[in-house]
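Here come two complexes built around subunit A, the first alongside subunit B, the second alongside subunit C.
Entry: the complex of A and B
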């Protein structure tokens, strides 16, 4: 049969989870990682990364708004998606998505951004004109008090929200890993390490994403990149990436050493169908190369321009690597038969509901949303308006 | 509460729609059928299966199973003495039209294995459904409320036996229901009825007079992938260790 080697159960020949389901953990991972970077400054007082604090929050929000779209688009009946909220099945990991998502969106991200920007929103609602004035007025939610005491309360509550946000970010992405890790029918997924690996790869991808965005936006705005900031981000990225890589290798070595009934089948898959995406792209180009380069930046004093180039290269490779990791988990987990006797093939359609163009659109959409958010809520210190008067 | 005639006229159709929604997943009424009196499963006697494909054809005709998807299928195993762990398995078009003939193999054996949903009592597919659209009925049949299913395919991933698929037209999960519309009326399943050798037998484990009890006591019967601990209720007689 076309695209099938060996024996697949006849219902397994086509994949039921497509590239859209690859995007889903990738996008939620970027959200969780961006938030963790923001919390570095807010909770752990790493002052050096302050220039990216607000950008990280807005990036997390832009990607979080898009996060459920690939899931909903993939459903056979998207119109029934609200049933997950109204009649969730208590034993289903997936049923919790709606609640974890809403909690993270409304109780963490939106609240933190609102508290952080509230004084500026109030000022903008007084100084803007036309439709913008109306938008800012709505965004104040009727809370116009910007007295020092009130702002102090904002600061305190914002700190608590960030504190709650850290475990929430872990929950958001760890739970995505659990969706896969808890499927005992699939030995490629079934592992308690999967949620942990997902969390660390999420952190590294989100941090890399915000770092690249920060550098690109500074370039576009013709402003100087704060090198102390990106050096610090790169250092954290390096350490998190080491943990992530160690966990992934632990998983791999454990599988190889244990060599259970599925091993021969999975080993064959890694050496054939997943060879490029896993060995070449994810492990070699996407992990070992950036780890080596980042290591160099920690031990050798490079010139600023060299460091910038290394960071851009490493950030890009990390984003590719983490995408490849999601691909290898989601698609790789469906390429072999649960009989362990055969393999199938996945080809991404260009134009279809779950095709390449839609996927590209879903990756561009958060950037468009981010551009609007940056316009609406400028994170740059020099653009901060002063509140006209305290009520 | 006072309801005016105008309000009543508005509420009636809304109530009718709501009631239809409530009833959407309810199986067709069967007189005298009491769910709690049954616990359905199936017995598959591998030594009797001749790989004719009658069961697959009967199932597809009875349940309008779309081409390329299978509520039941038949596999042919070829196990030789030197590769006990790596059997050669085929199932051309689910074994619907039977199998190509083969010469006797002095160093190995051929046998047929009919497959279908195992109607697991602890089914991993029902566990993961985000809205509970698939469930274990009180009579042990694992069913899908297709008017409620989102079509997320999480259950397809969770089934260790490859028994589920997404229906290409209905865009919802689909699988063997043990011909629920038939068994609740006292009939047997389409596959059992059309098996010329009696290799498949519907079994009611709550019926003390069902011959399944005697059979289970006196034969070497196993379930597929027992390590999955799914509480499978499709019992295989003469199951070779190489079968997955």
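Entry: the complex of A and C
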């Protein structure tokens, strides 16, 4: 049979979870990672990363808005999506996603962004014209109170929201890892380490994503990149990436040492079907190369331009590596037979509901949303309007 | 009091949440079917609705009450446990009105291959062939009588 090697059960030949299901953990990972970067400044007081604080929050929001779209497209019937809210199924991890998502979107991200931007929103509601004025008016919720005391309260509450946001970000992405890690019938997925690996790879991809966005936007705006900020982000990215890589290797070593009945089959798959995406792309090009380069930036004093280029290269490689990791987990877990005697093939369609073009669209969409958010809520300090002190 | 005044916007945000929750409850009240959860995580009334759907299959007893000769032949062959409508399709309408509703005879070249095409997933003892190699498109009933398919039972008349 075309694309099948060895023996597959009939229902294993076509993959059920396509590239859209690869995108889903990738996008939620970017959200969680971007939020963790924002929390570095807010909770852990890493002042150097302050220039990216608001950008990180808006990036997280833009990607979070798009996060459920791959699922809706994959499942079809978007009109049925609200049913998971109306008739909550408490014993289904997948059905609980709606609540985890809504909590993270409304109680964490939207609230934190609103609190942080409130003074500007009030000012913009007074200085803008036309439809924008109306939008800002609605966003003030009818309160123009920007007294020092009210802003102080915002600061305190915002801090608490970020504090709550950190476990929430872990919950959101840990949940995505849990979905795979808890499938005991699939030896490629079934591991309690998967949620943890997902969280750390999410963090590293989100941090890399925001760093690249920050550098690209600064370049587009013809402004100077704050190198202290980017150096600090790269340092944290390096540390988190080391933890992420160690955990992934721990998982790998554990599998090799345990060598259960699935091992020979999975080992063969890694050396054949997944060789390029896992060994070459994820581990070598996407992990060892950036780790080595980031290590160099920590021990050698490079010129600014060299550091910038290394960071752009490493950030891009990390994004590719984490995407490859999601691919290897989601697609890899469906390429082998439960009989451990055969393998199937996955070919991404170009134009279909779950094809390549749709996937590219889903990755571009958050950037468009982010561009709108950046226009609506500029994160740049020089654009901050002064609010008239009014009640 | 002043403290609450300066936190007024937070109450507005909280109020928005409460409002959204109330809207959710109202919408939920109207969109969730009344019988949902009666027996489990599904609409209880669905059971009655499914039971009320028109019947399509007559059941082998209905077939055998008229076609006793075929039932007799079938009972001695390998297909004894294959239900009539598994091959002939749903025939409730024919059972209700045998004269005006005449079922179409299945095309054995297609029908038999559905079960008897060789795949590695089937048990070794199950009769399975490569249809192209086995008969080159000649209808199976030329040699096999479908109701008792062993070759010595003779082809269909």
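Everything that follows uses one rule, which is that the second predicted complex is superposed on the first by the 389 of 391 C-alpha atoms of A that agree within 3 Å, B and C clash if a C-alpha of one lies under 4 Å from a C-alpha of the other, contacts with A are read in each partner's own complex, and residues count from 1 in each chain.
In the analysis below, a contact is a pair of C-beta atoms (placed from the backbone, for glycine too) under 8 Å apart; a residue touches a chain by one contact, two chains touch by 3 or more.
Computed from a prediction, not measured in an experiment: that's the story for all the values here.
Aligning the two structures on subunit A places subunit B and subunit C in clashing positions. In the superposition on chain A, A:10 makes contact with both subunit B and subunit C. In the overlay built on the shared chain, the residue A:114 is in contact with subunit C alone; subunit B does not reach it. By the touch criterion defined above, A:2 lies against neither subunit B nor subunit C after alignment on the C-alpha atoms of chain A.
In the superposition on chain A, the chain among subunit B and subunit C reaching more residues of subunit A is B. In the superposed model, A:87 lies in contact with both subunit B and subunit C. When the two complexes are superposed via chain A, 94-102 is the only one of 4-12, 40-48, 94-102 or 220-228 in subunit B with C-alpha atoms clashing against subunit C.
Comparing the two interfaces of subunit A, the one with subunit B and the one with subunit C have residues 7, 9-10, 87, 89 in common. The part of subunit C that touches subunit A in the complex is made up of residues 2-3, 5-10, 12-13, 16-17, 24, 27-28, 31-32, 36-37, 41, 119-121. Residues 7-13, 16-17, 71, 74-77, 80-81, 83-84, 87-89, 91-95, 97, 179, 182-186, 333-334, 337-341 of subunit A touch subunit B in their complex. Here subunit B touches subunit A in the complex through residues 68-70, 73, 75, 86-91, 93-94, 115, 124, 127-132, 148-154, 156-166, 170-172, 228, 244, going by the rule given at the top. On the side of subunit A, the complex with subunit C involves touching residues 7, 9-10, 82, 85-87, 89, 106, 111, 114, 118, 140-143, 145, 147, 149-150, 153, 157.
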